[in-house]
Amino acid sequence: MNKIYPTLENALDAVDDGMSVMIGGFGGAGAPIETIHALVERYKRTGSPGRLTVINNNAGNGAVGIAAMIYAGMVARMVCSFPRSSDPKAFTDKYLAGEIELELVPQGTLAERIRAGGAGIPAFYTPSSFGTQIAEGKPVAEFEGRPYVQERWLKADVALIKADLADRKGNLTYRKAARNFSPLMAMAAKTTIVQASRVVEPGGIDPEHVVTPGIFVDRIVEVANPQQEEALLREGAK
Amino acid sequence: MNKIYPTLENALDAVDDGMSVMIGGFGGAGAPIETIHALVERYKRTGSPGRLTVINNNAGNGAVGIAAMIYAGMVARMVCSFPRSSDPKAFTDKYLAGEIELELVPQGTLAERIRAGGAGIPAFYTPSSFGTQIAEGKPVAEFEGRPYVQERWLKADVALIKADLADRKGNLTYRKAARNFSPLMAMAAKTTIVQASRVVEPGGIDPEHVVTPGIFVDRIVEVANPQQEEALLREGAK
Amino acid sequence: MTTKLTNAQIAWRAAQDLPDAAYVNLGIGFPEMVAKFKPKGREVTYHTENGILDFGEAPPAGEEDWDLINAGKKAVTLNPGASFFHHADSFAMVRGGHLDVAVLGAYQVAESGDLANWSTGPGSVPAVGGAMDLVHGAKQVWVITDHVTKKGEPKLVESCTLPLTGVGCVTRVYTSLAVVDVVDKRFVVREKLASISLDDLQAVTGAKLAVGDTIGELNVPEI
Amino acid sequence: MTTKLTNAQIAWRAAQDLPDAAYVNLGIGFPEMVAKFKPKGREVTYHTENGILDFGEAPPAGEEDWDLINAGKKAVTLNPGASFFHHADSFAMVRGGHLDVAVLGAYQVAESGDLANWSTGPGSVPAVGGAMDLVHGAKQVWVITDHVTKKGEPKLVESCTLPLTGVGCVTRVYTSLAVVDVVDKRFVVREKLASISLDDLQAVTGAKLAVGDTIGELNVPEI
């Protein structure tokens, strides 16, 4: 079993038009910049993959990462909790022009829906959003005298993840708070594609320290010294 | 904030008659033997805490641990997935005599119900047990053409947990497969009481390697060189 | 005589009520200021929904690690005993009732405890973040806010006209004029500035103010 | 001529179908034997529901670590690249469709794919363990079993009379006489021992056997 792919281009051939794509990261922490940019390059060269649904906590910042996908015109729909950022122009312009759809999901519900997708739980109840616009049209039920909203699992065709260490069997660790949504997305996607800062031999990660077990991972590309979205933005990257 | 208690007896004063008690461990791995035995000693001395509901994957083995609780007569009800073991006499006799109640829960559903209890999810749907005796009386719903059973969260008054490392803020690690249900139970109990094999200074556990964050833990007692239930049984402990 | 608290003073007042050994989530922006005024000798553990428990102050400029940020995407540091976890575990802490206090900003708070703090209505890009989860689960949900809007309209109201963040969730409001509890669907004044009469406070409040046994004086240092 | 496979031979036959790079859960007891016969050159990763992925063989007697056990509470070892996780994550792997194959024993299998393997009815202590989760989620659910009970009654039946473990979940059955797929609520014979005629196989089977394009010969080495 060897999940290591030689290049991002190879690994990304699983991404096709119209797919749903979960992208790890919260703000810049955990954003798989090289992976996203490889996908943008492919789109600019070939016109594919387009019409994507992108699932991420945010909706891009500045002109790199998900914002670059939006500027390129690859994204038809965003599922996120917070489509604002220090420079949200890429998303905001398209959204206000009606050129991109938005499904707004409270952050905890987004995380739990993705986990449910990975864990085979088709629906669950949460107190979050009860009595708000977000809950409109969703089933409501009372448990022990308190009202809850039924939410559905969220799965995706592909997850794009940034890990710290990886081995060829797919075991992953994450750096600090770059973990955020990535372990959940790795569970919830048909194909999970990982850029890892360092690939180690199996056993190179202590079994007690593995965060994402290999069963949730399909393809790994080593990207040493990866870029950090927030650092890029502060350098004024376009 | 110092969650360290000097003795198991001190820490266990949170356990009272009629409470629900989650006990970590799967078979012998993770069973907090010293904690359980301190509770049994107290019961033998004072007659309290009795009429307990015990939640564990199993229902005791031989004459130590949960089996010792059952023999002592402290347990009114077991919630578990597999009340069999190499020597299940303690439970079996009382069960067949109608002296102990049993709620049988499929193992994955048990784990998910406990997690739901800790995560504020009052109910969820699972494919497990659909069409079986276990699902009788439970709501059923169809999602994307497949039938699912609604299961409810499971909480407890107290969780008794065995950890490897702990710090005074409550952060925990577990040894190998002794992890099993314990991180979930720590989330789902009002008071989580931990016996840790070693207490370290805050920062002594790498923040990326913490398995149970301190917020889920209330009381910690250091029990160096703890006994292992399976090893005890093989030594013929009574 | 103080006629209106500054934001820093509102944050200071709220901070005085942080219990020792509490787990606390401070919302993005203004609520983050509360940490600055935590009384000495109390140990408070801060949670950020992007997956850190027990983070500390901002690092010196130039020493930021952008993989170590809070929910507001600001760089933070770690205290000894910190931990990282994924988003589902993070919101298990929130939704599961493990936080003692969540502090949030508000557009409007209703006497029922309803909160509106995420959307000013159509025309802008809606963004909810973690607020809808934070208002459920934390044992106490505090709002810190100016008593009235920039236009002078009441923010404490009979019922919210803006889109709701949560129903019946706010337990206490710290404003620029008063400290108000939400009890049984009524606003109960606990403290007010000495410079304002109860009648004048009522005049800038959009719902009936009840009074408990006593009204304390809202005393805040110059900051 | 072989007239009936031994348990080891049934396990051997099932093991030949383990795909390379598969994630596999072997039920407690007889199914654990399948691991022994995995064809060389295929890399199979074993999952145990108590929270280990990629465990290996039993350690030598006397070298057991009882914190390192499988779901049957037997001591195991780790392969390089193993991982530990808690029970909710473990069953996320199961229920979430991440396992390629689950291998289970059976009291009865119905032509609809229903499985009964956890309770022989009232009078004993019921114990279900992880079986009700394992039958849902794994991409293939294999049963290995003697073709008939010790009393000679069919275990492949029109409908189960014993309490069900799962509905419509079994995809393939490896018995002491044949390999049978469950397709569209019918048993389809894929292989049978050369020593038994289809009529004789039908005679010890409690439901109608269908035949696909061909019936292969069930060939198993002496073990």
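Letters A, B, C and D name the chains as they come in the text, with residue numbers starting at 1 for each one.
FYI, contacts are C-beta pairs under 8 Å (C-beta built on N, C-alpha and C of every residue); 3 or more make two chains touch, one makes a residue touch a chain.
All values reported here derive from a predicted model rather than from experimental measurement.
Participant: Looking at chain pairs A-D and A-C, which one is connected by more C-beta pairs in contact?
Facilitator: A-C
Participant: Could you give the separation in Å between the centres of chain A and chain D, each centre being the mean of its C-alpha atoms?
Facilitator: Roughly 36 Å, centre to centre.
Participant: Between chain C and chain D, what is the gap in Å from one C-alpha centre to the other?
Facilitator: Roughly 56 Å separates the two chain centres.
Participant: If you average the CA atoms of chain A and of chain C, how far apart do the two points sit, in angstrom?
Facilitator: For chain A versus chain C, the centre distance works out to 30 Å.
Participant: Among the residues of chain C, pick out those that touch two or more other chains and give their numbers.
Facilitator: In chain C, the residues touching two or more other chains are 52, 84-85, 88, 91, 94-95, 136-137.
Participant: Identify all positions of chain B at which a residue touches two or more other chains, and write them in rising order.
Facilitator: 112, 115, 119-121, 126-127, 174-176, 207-208, 211
Participant: How are the chains arranged in terms of who touches whom: line, ring, star, complete or other?
Facilitator: Looks like something else, not a line, ring, star or complete graph.
Participant: What pairs of chains are touching here?
Facilitator: Listed in label order, the chain pairs in contact are A-B, A-C, A-D, B-C, B-D.
Participant: Using the touch definition up top, name the residues of chain B that touch chain D in the complex.
Facilitator: Chain B residues touching chain D: 26-30, 57, 81-86, 88, 91-92, 95-96, 102, 104-112, 114-115, 126-134, 174-184, 211, 228-231.
Participant: Considering only the defined contacts, which chain B positions touch chain A in the complex?
Facilitator: 112, 116, 119-127, 141, 143-144, 146, 148, 152, 173-176, 207-209, 211
Participant: Touching residues of chain C toward chain B in the complex: what are they?
Facilitator: So the residues of chain C in touch with chain B come to 20-21, 23, 43, 45, 47, 52-54, 78-85, 88-89, 91-99, 136-137.
Participant: Show me the residue ranges of chain A that touch chain D in the complex, using the header's touch definition.
Facilitator: 1, 115, 117-121, 167-169, 171, 187, 201-203, 205, 207-208, 210, 213-216
Participant: Inside the complex, what are the residues of chain C that reach chain A?
Facilitator: 48-52, 65-69, 71, 73, 84-88, 90-91, 94-95, 114, 119, 125-133, 136-137, 163-167
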